[in-house]
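Okay, so chain A shows up in both of these, paired with chain B first and chain C after.
Here is the complex of A and B:
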């Protein structure tokens, strides 16, 4: 069994027992189940509300789980000194970082899968059919969270969990408002100076466009079509993998020189 | 023991470790030879754990060189032959003792029946076989320490770094671990032992260094370090004039006359002792008793730490 996989498994086992993450999971599951309450609304709007709320709750709970998990994965090992017994064994620092990330990702996946399964069953109950669009929505949330988790882990190798929490959330919010930073960068009326537009351009390019991963709208409103949806989804997945790879490479490079 | 033809297991040359303006380790040099138990002593904050972490490649020297089993510290090949028991070890709490020791075994590539056999052997060795399936969150500090020792032995290491191995153990377990350390040495392993249990160190270590404020203040074999005690000689029927008594006082550190018996205190070296005995016989005296008062490692440790800022290395 590879070292990365061993560390990932240890991380996954530990993370799945963390009470704070379980709180987010159970609250989210409760809210999803509560969407039953919307049956009293007009039937035509009922499913739209359920889908919107369900995916929104999964996404939000997932972000909290990813950030809280990501900011603590490595600092916890240092604080509790488990890292001493692991890194004194024949374990490369890169294997340690990648194992921690993989374990975290497995935890996020399990949480999303649990919430997603509950949500899908609810939709099946309502629509009497499996809704593939909802499944795509959940998949996109997972890849969005992969980037969020990688960001949190990247910052965790050189920032305290407290600072990291706010920074990762700030970047998530900025990335979710990408259309705003894009329009600020374009400045069609030339009201701003080059430095300001340059700054917003940089923010728009460097920070991932998290809003792209929220494909709830086309699901909720089937009349809106994304051209070549399959290609769009593949592009988003490839982008998430590339962005995550870059972040992990940087995290490993910094952690190689980090004293523990 | 020491360097009688044995290769160097650890080489530290002019090691300096600074944290901003704080100098944790200040230009220390020492060698540890294969097959010896080396006691690494010092008060809290002396730089012991910093040195050990440098030797394990967990932190990096500010300057100087450290080599472990002939290779630079942190080398992945060396880690196969080295093990570390940190002070108050902590493990994944959701795992059982069996799972934790197995986990560390897997990091060394152990698998299947070989892993099960090794884990069973070690759990038995540290007396945890009965509790091996309980999650570690239910373990006491002493039990966690035993898990730590088991994980440190999983790879059948050549060189062991033990940081307070008997911390939190009850007297019986304490003795078991001390005996285990001696057994490991007898199997040919090298042990780098950091401990505040000075009686244990005195009993099991071949050589000792005492670190204080980042510098080595004493270095040598236990015998050398604790040498230099006193001997008390009691004699009676001595016939000596003032001139002869003057000669005796020159040989000794203290002479007193109690109930017509001379109580003479001198250093425990054979020369001093024999000079005094010769003087007693030359002056027609009878020797009633010769009692050596031995210094302990604790005395040496206390003196060394009290010496404070003295920067010279005293090599016995």
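Here is the complex of A and C:
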């Protein structure tokens, strides 16, 4: 565990040195500008736009950070040949992969936390009250990004960063369109081919479902209350942990056999 | 290096984890549906004439859904201020598909449709009424726990716009039931902050929902139920005051207002029991005059006797003509019946360009009324393509906006103290857009049937 932690710390430190936090600054700036851009609207509309755009921007910036970090974590070490130094020490390949993932996750977390804090302060400024519901939205963005990061890292053990970038994004989009795949899998009138509906059903339940994590609607419209929200959030966290476990296990199994 | 068998075991275990993943996903789907728009609706918005750009639809699925809906709503407001009404309804449709919890869009959108798409003389385009009602019903279906939506549909649309007091009562009662459910749910879960906040919010709706229901009972000629409802409202306001809900001034002033209503209602019920008998002949008559093609003057008489100088405490009064009573006037295609739209699709937004409906009212002064209506200025609203038309003029004693209280003191809440040798209508059916009869209601009504030539002909022509 200490080896994983050491690699994670090193990865986190390196990401910080690469000034990846600058992304946070740009996003924070964008959010602050946004608050003044909507002041001409009615207060309720203004808040709808600020909250929705704010959470959307944090999520999108987070996806970019996760993908760019995830696709480069292992290939960079191979390209710079630093991996030989690490693996020549008593470090298991699985520890290396898990350490890199954890370091990447810590970087994503610090970014999301900073963006979330800026956003929370902005909402406090606008609503003159602390809105802790916003934190739920940011927490779910983090767990969504955990899967995105694991997916990028999984592909990075056998694909080039260029291909990985597009593939991860393609799966992110597909997973965000879960209501479409779910709709295609449904066939109440028995008009579709059973293989087609079966295929889409499989896609719906197997492809990581990123749309699950878009829980911002009741945060944006506080008068709306979704029943059993607590249970849903717990299910989402379990889903993220399970999916990440699968991807990391597969990544470790493939990386074990890879020539570096 | 990991052994082959160990590696294979790990791979199998990892793949087995897809079983709980699938199980979780299927379990989460029903809750996920509460957070995101229905795919079929967004697909329609892109494919049909809604013209939602595909990038906006994609944005809607990737975390910017509410932002897209919010920006479209801002654009809709610009359309309204530019008078581009035709663009508004598809936008309202798309926004509520994208974000079914955007309450402002249901309320403001339906209000625009019912009131603000007008002709040159500020008369609303009544072809929009079924759409407005459908939008509000959909809003309630998508947000069944928000009492304000029930109240808005009951008052703004059913009570005020089309005087359909049966439907107004139905939605007010459903809203009241919802308040009671929300409050009971909060009591059963005292540690749930969300439920507590919802209960507080719901308790404050008594001013709109509770008072509205009392007025509706009164309009339906049910003074006993109205009084009970006012008493319930008074208790609810006092409970709100004690719990510290809402502004103390607001609740206290509402409680005072309710007390006044109770006192007035109690006294009026007592006096009207004797004042409304025997029935008085209101001697209603109406005449229709074509002034020019599509231009008509509606005129007539109404012996609108009421209690002048009425003293609430003693019941003292003098009988005399009361000004301010209103006669409703409706001009429409002869075979038109207001449809009920259950599925508010983009296709249903196409208004029938060949349908003509006009509704207005005339005020009675010194027992006479007269109103000139020029429908020639708005050919898009009044196309006059049908072969036959009906023009109905009626007096509805139950409608607060048509009947001052002093007149009701003589003829009662439902016209029970009113008669007419020629035009008394006891069917209970209110002309216009109402859905069903109001039992016991007595109206005065006169209907004219016109041909296309009668409408389009040159020169003056009088219809009796």
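The rule is short, and it goes like this: the second predicted complex is superposed on the first by the 246 of 260 C-alpha atoms of A that agree within 3 Å, B and C clash if a C-alpha of one lies under 4 Å from a C-alpha of the other, contacts with A are read in each partner's own complex, and residues count from 1 in each chain.
Basically, a residue touches a chain if its C-beta (ideal position, glycine included) is under 8 Å from a C-beta of that chain, and two chains touch if they have at least 3 such contacts.
Note that the structure is predicted; figures quoted are calculated from it, not measured.
Student: Looking at the combined model built on chain A, do chain B and chain C fit side by side or clash?
Tutor: Aligned on chain A, chain B and chain C fit with no clash.
Student: Touching A:100, do we find chain B (first), chain C (second), both, or neither?
Tutor: neither
Student: To the nearest 10 degrees, give me the chain B-chain A-chain C angle using C-alpha centres.
Tutor: If I round to tens, I get 170 degrees.
Student: Check the residue A:91 against both partner chains and state whether it touches chain B (first), chain C (second), both, or neither.
Tutor: A:91 contacts chain B only, not chain C.
Student: Between chain B (first) and chain C (second), which does A:59 come into contact with in this model arrangement: first, second, both, or neither?
Tutor: Only chain C is touched by A:59; chain B is not.
Student: Report for A:126: first if it touches chain B alone, second if chain C alone, otherwise both or neither.
Tutor: So A:126 meets neither chain B nor chain C here.
Student: Residues of chain A touched: more by chain B or chain C?
Tutor: The partner that reaches more residues of chain A in the superposed model: C.
Student: First (chain B), second (chain C), both or neither: which does A:205 touch?
Tutor: A:205 sits against chain C, while chain B stays out of touch.
Student: Just to confirm the value: shortest Cα separation between chain B and chain C in the superposed three-chain model, in whole Å.
Tutor: 7
Student: Output the chain A positions appearing in both contact lists, the one against chain B and the one against chain C.
Tutor: Comparing the two interfaces on chain A, one with chain B and one with chain C, the shared residues are 257.
Student: Chain B touches which residues of chain A in the complex?
Tutor: Residue list for chain A touching chain B: 1, 3, 6, 10, 13-14, 17, 80-92, 257, 259-260.
Student: Any idea which chain C residues touch chain A in the complex?
Tutor: The touching residues are 1-2, 7, 10-11, 13-15, 17-18, 20-22, 24-29, 31-40, 42, 58-59, 61-67, 69-71, 73-74, 99, 101-104, 143, 145-146, 194-195, 198, 201.
Student: Hey, which residues of chain B end up touching chain A in the complex?
Tutor: The contact residues of chain B facing chain A are 53, 56-60, 76-77, 79-80, 82-84, 86, 88-95, 103-104, 106-108, 111, 148, 151, 155, 161.
Student: Note which residues of chain A are touching chain C in the complex, please.
Tutor: On the chain A side, the touching residues are 41, 44-45, 48-49, 51-53, 55-56, 59-60, 93-94, 173, 176-180, 182-183, 204-206, 209, 211-212, 214-218, 220-221, 223-229, 231-232, 235-236, 238-239, 242-243, 245-246, 249-250, 252-253, 256-257.
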